[in-house]
Each structure stands twice: as structure tokens, then as C-alpha cells.
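Two complexes are shown next, each including chain A; its partner changes from chain B in the first to chain C in the second.
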Partner chain A sequence: MSYVKQANALAEETVKIEKPESQLKIMWDALKKNKAALFGLIVIFILVFVALFGDLIAPYNATETNMADAKQGMSAEHWFGTDVHGRDIFSRILSGTKYSLLIGIAAVAFSLIIGTVLGSVAGYFGGKIDAVIMRIMDMMLAIPSILLAITLMAAFGQGLDKAIIAIGVVSIPEFARIVRSSIMSAKENDYVAAAKVLGNSNARIIFRHILPNVVSSIVVRATLGISTAILDIAALGFLGLGVKPPTPEWGTMLGDAKSYILSLPHMIIFPGIVISLAVLAFNLFGDGLRDALDPKSRS
Partner chain B sequence: MKKVLCGVVAAMMAVSLMAGCGGSNDSSNKNDSSSQNALSSKNDSSSSSSEKVTSLIYGSGADPRGLDTALVDDNESAKATMQIYECLLKYKDDSTEVEPCLAESWDISEDGLTYTFKLRQGVKFHDGTDFNAEAVKFNVDRQTVNKTDDMPYADFVFGTVSECKVIDDYTVAIVLKQKNTAFLANMAMCFGAPIVSPTACKENGGSLMKNPVGTGPYKFVSWSKDDRVVLEKFEDYWGEKGKCDQIIIKTIPDASAKINALTTGEVDIIDGIDTTMVEQLNADTNVTVDLTDGMNINYMAYNTTRLDKETRVALSQSVNVDELVNSLYDGYASKATTILPTFLPGYSEDVAQVAYDADAAKKTLADKGVTEVKVITYSNDRPYNTATGKTLAEAVIGYFDKVGVKADVSTFDWTTYKDKIIAGDYDICFYGWNGDNGDPDNFLNLLSDDDPSMNVARFNDDKFNEYITTGIATAAGDERNAIYAEAEQYVADEAAWLPISHQQNITACRTNIKGFKYHPTATVYLAKVEKE
Partner chain C sequence: MLKYIVKRLLMLIPVLIGVSIIVFVLLRVFAADPASVVLGEHADAAAMESWRDSQGLNDPIIKQYWDFVTGAVQGDFGESYYTQTSVFTEIMSRFPATIELAIAAIIIASVLGIVIGVITAVKKNTIVDNLGMFVSLIGISVPIFWLGVMLQILFGKTLGWLPIQGASDADILFDKVTGSYFLDSLISGDISNFTNVLWHMILPAFTLAFYTMAIVSRMTRSSMLDTLNQDYIRTARAKGLAEGRVIRHHALRNALMPIVTVIGLQFGSLLGGAVLTETVYGWPGMGKYLVECVQKSDFPVVQSAVLLIAVIFVVLNLLVDLLYAFLDPRIKYGRKEA
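Moving on, here comes the complex of A and B:
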């Protein structure tokens, strides 16, 4: 990217030529052509909208029980039926969107920050620091992520904040590895050598010079990471380890409905559909983003 | 090599029997005959080879914890052990009245402290050991003078026993330290009371968890962990022999899979059916659903060391138990007006629990400044609560929410939950009790027990404790029943528990199964069950 900038500056100084398209514009053009990614993006927009305003559009209170209306099927009053406590499933799904998105994004942010710092340090300095950090990451990767998350939840107890940390912790190694490998190849560039000669501190070189050049791969990984995190929180909820009742988290709804799968299937179908849809949306968008950011696949 | 072959044959036998029961058409004939060969070649005493081997398959929700009745306390284990072992006395088919079994008759001394049992003669254990007074003494001593810490029911069944005396070969006297009206009923219980073979017990270092030997109508063949327990008819049984040649108790933890197994004919009988499934099973013409009154209580307990009486009463007032029970259990559980199930002695319809009054509750709680309670519950279903502890807790906190009390609910799996109960960091917890012996003391002494894992309300009240100590020493009859009725009202006013429901036991079997009955003690006796 900085090559482009340097070239731009040079070009503008000498001759007035047509300004080349910005990086973002190129990316957007590539993304526009990808129907699947566009679909993903639209669904994500809808999810964000519902997450922000879900409680306002929901026809019923999502947490208030009403035992007299329990176990109803689909109807005009209750589009998706009601659950065993007489709560409107449609309202619970709308209200639950914010938890899945919040946990997904917060968990990714958590692991992204820690993973990036660890990966950068390991990749930039190399040697013993690299070996120590990466062996710890390897150890974490050796344990299946959901198993590690279950163990952490069992140790912390239930709760929104704890779920975020548990899921965040398990995806640290992935980010650390991606950032490390990107940094290792980027630090061989001349501009890094130039920055060093100019007397920049190591931290400044990493965060101001190298990281902006590897940001695209991190963004792609983070988008895909959100879908994994949504799936993980659903899995924890399904196993009864996620958030505390009566929070309408999708996975918890799924888990509560599982004993009624034969008698009241609507209770399990709708949360299942929205989980799949959310995961699919982030996956499609992440894939599209990767293609759009990768110059090799762009041609 | 021989062992390997034996194993292979046994495995084939089990598989072929399973296949054989699915349908009796041509394809399964081959399997049936091969399994028969395996059976008769393995066991010479088995009946004439032309008859078909009938095996009864019981789908159970969890694997037995073990097969030694002195060392376990779960009903899943009892499903297997009660076919293998017998007690001195037994319960009638559909009540907890006792009748003779290994003891033919009994006498109670004037002072009510000495119980003399005349034992049945000519009874043999499955390993050939004779059943006699020495065997009884061995079993009683095992859980009294030689008691070890891993015997959960020893104190309950034999806690009042001071000594067991052998009078002659077939007469034994058990002397009590204090009067215990429930003692005879205890002698028929499925935990602690069953008589095990002394020889086998000694040979196996005092534990028959994996290789049980009793006097019952079925003897133990094999147990594959988390899969099945296989039992075989005991040909030298003293009484009416088992109807089926073989009983297989199959472990199917998933509730939906268990239902499927029954409807496809993979198993013959299942229990612990969720209320929402009954309708669907009723529609299946190959299946009969059976509902029986359960000897149980499903309750919410207040930690009486943390919540005062006024708060407890107010919280109880906030819950509409009627509505809750109707909607959660679809009419397959009745609202509990007492701790005791209605058919037990000591039950009184005059007992009144705290009545539903949300407005009063709201006022009291606001005045007292109660805004948050810490609730713990269990994640699974229990025989007394088919809707799972989590679902029940969520319904109850919905009512709390309406009167302005927020609840912080933590859900745990059953094993962890028991530890959390003992740790005691909760204001409210959910629990239940399935009666063992049909005696009112068995239910009400839960609230006077020193052990916090039994007395989850940590209720410690001198007046109530006195009801319990007088009750247990009073001879059965109106006087005793009145004591328990009074104790019930007292504890209802104290609001230590919020009694919620008495769950019906829901079982189902294939229509070709005859004579199956689920006993009120939540166990099963399968010797009389026929498979056509």
C-alpha cells in the first residue's frame, strides 16, 4: 500500500495524470460482482439493525413469562409460536440477535487484540520470544476449541462476559499465527529497514509501518472468526453453559427446545434457522472479502 | 483364545437377540436359532432347545452406577438389581404394603424393639450358596458393624439396628436401639435391604458392583458400560420363575432416541417419558402408555439460613403454582398441596400451603427491600420433574420478576449441582424426592436431617424435629397420621419449601408386553412380565 502512496505522490508532483482508484473502491467493485458476498453483507446489515432495535420491533417482551400461553404453535398472534414459558419465540429471536452479535464481535475483538499483539511481537522479534509465544499458542491449538471453551465456562460459571472471554481466549492462537506470518514476511521489506534507520522505536515500526500493510488478512480472518464465534456461543448455550436464563440467546433457546424436538418442533426450528443464517452470512461475506482483497484472485 | 471366542459368541448372541425382537418374520429366524444354540451350548441348564428364547429389552435413561445395592442410591441401578436380588420382605405390586419374601413370617416383640424373622428354606443364591440366617446376619452386619463410608443407604435402612442375632439356621432376630415404625417397610427397600451372597461378597473384596449375586428370579450375565446389562432366567429360583428367558436393560440417555427405540421395536419398555410425548405415543397402535401415581415430591427450597420467614412466605405467594404445574407438566403431574403424596399414610387434605397472592407478595418484598435472589438449579430432568430443573426454575423466576425480584440463576449438571447444594451458596434451590419405602417419615424427615445434601432448605427447627422423633416411634395408625399432618401444616406455615408437584410416572411398552407395572417406589420388578 505504501508503494502505491509513494508512487501517487511522485506522479502528482511530476505530471497531472488521472488519479488511480482507491484501494477501497477496487475492493468494493470486486465485492459487488460477488453475489454471495453481497447477500452476506445484506444479511449482516439486517442483523445489525435487529441487534440495535430488536427490542423495539419485537411484538412481545422477550423475557417475561406467561405460563398460560405456553407451548403454542405458529399463529397470527405468535408468528413462530411460544416456548414452554409462554414467551413469544419471534420476539426472543429478535431480542437475542444482539447477544449473538455482541458475543461474536466482542469475542473476536478480544482475541484479535491479544492475538495481534502476541503475533506481532513473535513475528517481529523472532528467536526465543517467538519460540515461547508460539509454543504456548500451539498448546492451546492442541485442545479442540469448543472443549477448551467448555472447560473455561465450567471454571468461570455462566454469564455474558464470561462467554465472551471463553470464546475469545480459544481463538487467540489463530490470530497470533496469521499476524506472525504476515509480519515475518513484511519485515523484510525495505521500508522497514528505512524506518529502522530513521530511529523509530520497535513499537512504532510494528504498529505504524508493518501492521497497516498486513491488515487485510487480519480483517478477513476476523470476519470469518465472527461466524465461528457465533457458532461457539450457540454451542455453549446448547450445552447449557452460555448465558443465564432468561436471556434469549439463540443457542440456549435451541438447547431448551431439544427435549421437545418431536412434540414442539417450531421451538427448535426457528432459532436453528437464524443461527445458520447468521453464520452463513459472515462466512459468505468473509470469503468475498478475501477474494476482493487478494490481488491474485482479483484478476 | 477361548476367552476371545466366548466374547465373540456372547456379542453375536446379544446382537442377534436384538435383531430377533424387531420383528418375528423370516429374516430374523436365522438369528434366533443361532442365538439359541449359543445359549444352550453355553448353559446346559437352559430349557429344551426347540423353544424360542424370549428376551425382554428395557430402555433406561442412564447407565447403572453399580450393581451392589449397598453401594448405590440411583433408580437406574435398581432396575437391574431388583431382578437379581431379593429382600426379606417385598412390597405388594402396586403399593408399599409389605408381604413375605425371603422371610416367611415375622414377629415384633412387645417393646417394639426386636424383630424376629422366620426365613424361607431351600433358597439358593445364584452361585449355589445356601440362603440362611448366617447370610442375613452377614448382610445386616455388613451395613452396621462393618459399615464403610461408601454405603449411602446403610444408615437409612439399618441406622436404628443395634444387633443381628442368629437364633437357628432359619430364624434371625434384629434388635433395634429405638422404636422405628418404618423398619418393616425398610426391609423391602431396593437399596440397602437386598440380601447378597456372602460367598460372592467375600470373594470380591466386599463389593458386588460388577458381579452381583443374589437369590432373585434373574441372574447376572454381563454388563457393558454405557450400553447394556444382560440378565438370564435363574432356573433354580424358589418361587414362580421369570416369564422371559432373558432381560436386557439397555442404556439410552437421549430422551428422543429412547422414544424412537420403543416405536421401532428396538426396546420393549421405556420409562421416564416426557409429558409432551405422551400424545404422540398414544397415537402409535403398537405402544401402550401407562400412567401411575408417583410417590414423589417436586419442590423449591429456600435456604432458611439466608432468607427469613416473611421473605419466604412472600416469595411463595408470588408463584402461581396451579398455573405453573398445569402448563409445564400438561396435566401429568398434580399440584402438590402437601409434601406427602396423597396415597401415603399421614396425608391430610386439610393442610394449606401459602396461597397465591402476587399483590401481597409485591408489597412485602418491596417493604423488605428484597430485589435479588440467588437461585441454583439442575440442568437435566428427574423422575419427579420431567420438565428439567432449568425449565422449572425459569418458570418460577418469571413469577418473581412480576413482583419485582430479579433472580440470578445458575444451572449445573446433576453431579456438580449436588456439590453446589452442599457448598450452600444459594437463596433458593430446586430439588425433589422419590419415596423409598412408603412411610411418611421417609419424606418429612428430610426437613430435620443434619445433612445439607438431604435437607437442602437447611431447616433446623426444634418443634419440627420433635414431630419427627415422636412420629417415627409411634405405632402406625391414626395417632401417628395426625402427628404428620400437624408437622406438614407447621412446615407449610414456616414456608421452608414451596411444594410444587407430584409427578405421575409415565411408562410405555409394546402391545405384546403383558404384566408390566411400574412400582410406586420408582423401580421395576420384571419377573412377571411376559412377551408374546
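Moving on, here comes the complex of A and C:
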């Protein structure tokens, strides 16, 4: 055996290199102990399941009117009662899960992508580009978010895709700001300087070297952002500016029920409970994620 | 300090110009033609064309914007498509009703929020803490308009305790002096008018307050937990001060900074929430009017109302910043670091 091999074997034996625990594993371990966050996660799983298979589980057709069954209260046949057109509210809620969840997630994805690109460019290059982008963000932040969403819907008109854009646009500035500040602090690090010296392109440095390090704070914001987005769609639907009826989107269901608040309260009670539960779930899970990622709260 | 305030005020101008451009472009370029909404779908083409001409909608967009801005600077925000009345007058007559609702809500939210926050922080990890935080969690998770409807069903229909629509009963009449129902009913000198308005205000104000209350209580709790761990709290206790005094004078006083920030910032978003609350309760404010005008494409009203709310919003945020300097002597704006 050569000396070199011997030395290597010795080194391996003495310095048992421990694999660092993955970020994901650390997070999961912290999350597991948080009962509220787990509850949120379970509800989210249920929501996703219902979004995928809601139409199959639903006991009745969600959009077909049936005047013979109209305006019924809660019963064994219709758990949550029926609406003025005789549609089963329980079935409508199940079938509508996909719309509300889709709008929430798609809107956040929309603002996340645009906000990340804008924030990265502003934070990385600084100077004039930064000033221009951030001033535009300031302008958007000068309008209360629900009001901006209402104005956008007034301009675009009703529709699923338009609701996604309207709600997505509203939270672009928030993501842009988070990403910008993370990038600004990250770019001072030596590994960025090293990546530059090695001749990496700016885009590669941003997406391969900097963003992965700030991804955790973005994920937390995005999770909490979904709950805000669900609330915003509900508000638009309630005002009659969201998705067109008879689509059983939860907010639109509330809008339909607006005129029957006192005569048929079950029409508005149940969709509202489901919206609140969905928002609560994303809030709990988002809070749990934030705590799990925050080394200070890890003991 | 004065120099700093002036500088900050000047910085608001480009932001507001930007807001006006965003809103204007959205409503004039992207929105559907309002003529068919205003005149009805079956109006003939010539009538629609002449209506567009009369509203200046056929002018180039740049000229339309210029007309809007030059008018707005002089306090002329144009006329409503429907009533031909001055948009500025229409908005201003409803504005006080929105502000009084927002002020009532911010008072309720601050008082309840701080009380809940302090109690939950002091009783950390007890059932009281869990209960308080659960209520806050509900507060940030429930759609406020839905909460409003639930309160209407409970207190209006089931219990019959409180009125659920409008700012006063239909048969109650008093002069509109300030536009604020609270003040006008006081001015009228008839105490029954005042109690009637107050009675009508309870549910909408509480509904609007609920979300902010939740935010304030969460903020208060975490801020209090931070200060309660400080050495000077231990010192105060060691001196033998009563626990209540330690909490009120030593802990809360120092925890107040972030709480004031949150309250200030929330006041602006209350104006957004007022849109929904007013719609639910038929409260005769600017928010309800704005929604009605969005639904019938009354764009002069929409763009002016949004711009006005943006002005209030940014000025409020500036005030919160300045308030810092008074609350925290360590902050000195506009002075270079030594």
C-alpha cells in the first residue's frame, strides 16, 4: 500500500465527514412539532383533493338549476340546503373548490414570478433601474390593494383569468420588495464575487447563486399570500366583480346570496365558513413555515 | 425637520402622478367602452358617438389625461356620466361618512387590540393566551364582509338588537352640515338623533375594526413579549413596583412604537375595507358609492375616488413616519449621521 493511500484511509477514518442535514429536513422536523401548522397542512391537502375530485364527490350537479328543490334549508338530502335556483350548496362548494384554489395559487404564482424578476433586477443592478422599478412599485402601493383589484376588474371585466391577473398584480410590489432587499444583502457576499470572477453571466448569478439562498423567505410570503388572495377573490366575487355566475366560485356564491341574507342565510353562511377555513389553513401553515425557517425560534 | 417634511411631501408628487396615470390608462384604454353601459346596449351608434364626443372620449388619450390633470389640480374632477353633477361634490359629500366610520373602527381596533395583546403577552401560554390568539387568527382569516353579514343575521335578524342598514333611521331627519352623521346629529341638538346614529354605527364600525384589531393584538403581543424580557423590567420588579404599574408604564410604553406603526398603516387599508363594509351595511360613504360607480362604468367618479383615497393613503403613511420622530427621540430625520 502506498503512503498516499494509507494517508487517505487514515484521514477518512479520523475525519468522518458528516453530511449536513438538508434544509428541507430541518424545516420538516421543526414543522412536525407545530400542531397548528400540521392542521393547516392537512386542511390544504383536503382542499387540493377536493379541488381535483370535487365534481366526482359532489352528490348533485353544481350548476344545473332545479326549481322544484329551490330555497330548501338544511336536510339529510341537502346538507347545506339549496339556493334560489335549487342547486345543492354543498355540491357547489365542493365543485367550486378548484376555482377558488386555482385563482389563489395562480395569482400568487403570477405575482411571485413578476415580483421576483423585478426585485432581482432592481436589487442586483441598483442605480437608475432600481429607482425606476421601485418608484413604480411605490405607485402601486399607494392604492389600497382591494381598491386596486376592484379598479383592475372594472377595467378588464369579469372572468376567471382576469381575476387571477387582478389579484396577482396587486401583490407584485410586496414580492419585488422582499426579493430586492434579499438580493441587495446577498450580493455583497464573497461567493457572488467569486461567481463573477469565474465569468458567470448576471442572470446565472441571480438565479443560480443568489435566489436559492433567499428562497425560504419567498416561500413563506407566498404561502401567506395565498390566504390573502383567497380573501381578495372572495371580496371581488361578493361585489359581483369576480368570476361570472353560475360558476360555483366561493366568492361568486356569496355575491349570489347577497340579496337573500335574511331570508336564506344558509346560502351565505356555508361558503363563508369554507373560505375562512381555507384562509385559516394557509395562515397557519405559513406561520408554521416561517417559524420553522427562523433559526431563532428553533431550540 | 421642516426641510425633511417638505422633501417627503415633494416626493409624493411623482407617486401621485404615477397613480393617476395607472388608473387613467386602466379605465380609458383597457376598460370596455362605457357608452353602451351608460346609454344602454340598444342605443344607436350615432347617439353613442355623439355621447362619446360630448365626454371627450374621442380625443387622443394624452389630451384626455391632460384635461383630467389640469382640471384635478384646480379641484375640477369632471362630471358623473349619469347625474352630470360634479364628481368632487359627490365624493366630498360622502367622504366624511367614510372617515367617521374609519375613525370609529380604528379606535375600537386599537383599544381592543392593545388590551388583548397585553393580556395574552402577560398570560403567555395559558388558556387566556390561546383564546386571545385564536380570536386574532379568526380575525385575519374571516372575510370582513362575510363577518358583517353574520353580525347582521345575528344582531339584526335573530336577536333584533341593532339596525343593520344605513347610517340612521329613514324617519330621522337632520341638517347635513359637515357630512359626518356623527357630528351632524350632535349639531342637530336632539339627543335621539345622536343615539340613533350611534346605534347604526356599532355593527359597521366593529366589522371594519375586526381585522385591524387582530393585527394590532398580534403585534402588541409579540412586542410586549420582547420588552417583558428586558433587564429594566426585572429592575422595575426588583424595586418592588406593582405588577400593573410595571406592565403599563415600563413595558407597554416601550412596546408601543411598532404598535403605533401598525395602527397608522392599518388606517390606510381601512379605507379599502370600508368599500366592503359600506356595501354590506348600506353605509352612505364613499366606498359604497365607488362600488356602485364601478358597476355602472361611471369612470370619472372611479378615477377621482381612487386618486383621492391614494392621496389620503400616502399622506397617512408619511404622518406615521413623522410620528416616529416624536415618539422615539433616537430617530432624527434629515440629519446626517455623525
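FYI, the second predicted complex is superposed on the first by the 281 of 299 C-alpha atoms of A that agree within 3 Å, B and C clash if a C-alpha of one lies under 4 Å from a C-alpha of the other, contacts with A are read in each partner's own complex, and residues count from 1 in each chain.
Criterion: contacts are C-beta pairs under 8 Å (C-beta built on N, C-alpha and C of every residue); 3 or more make two chains touch, one makes a residue touch a chain.
All of these numbers come straight from a predicted model, not from anything done at the bench.
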item	value
Which of chain B and chain C A:S145 touches, first, second, both or neither	second
First (chain B), second (chain C), both or neither touched by A:A234	second
Contacts of A:M67 with chain B and chain C, given as first, second, both or neither	first
Which superposed partner A:L31 touches (first chain B, second chain C, both, neither)	neither
Partner chain(s) touched by A:L262 [first = chain B, second = chain C, both, neither]	both
Which of chain B and chain C A:H85 touches, first, second, both or neither	first
Between chain B and chain C, more extensive residue contact with chain A	C
Partner chain in contact with A:Q158 - chain B first, chain C second, else both or neither	first
Touched partner set for A:A58, first chain B, second chain C, both or neither	neither
First, second, both or neither for A:P246, with chain B first and chain C second	first
Chain B/chain C common contact set on chain A	157, 240, 261-262
Chain A contact footprint on chain B (complex, rising order)	255-256, 259, 274, 276-277, 279-280, 320, 323-324, 326-328, 330, 379, 381, 387-388, 390-391, 393-395, 397-399, 401-402, 408-411, 413
Interfacial residue positions of chain A with respect to chain B in the complex	63-68, 70-71, 84-86, 157-158, 240, 244-246, 256, 258-264
Interfacial residue positions of chain C with respect to chain A in the complex	14-16, 18-19, 22-23, 26-27, 30-32, 137-138, 140-143, 145-146, 149-150, 152-153, 156-157, 268-269, 271-273, 275-276, 279, 290-291, 294-295, 297, 302, 306, 309-310, 313-314
Touch list for chain A against partner chain C, complex	135-136, 138-140, 142-147, 150-157, 227, 231, 234-235, 238-241, 254, 261-262, 265, 268-269, 272, 275-276, 279-280, 283-284
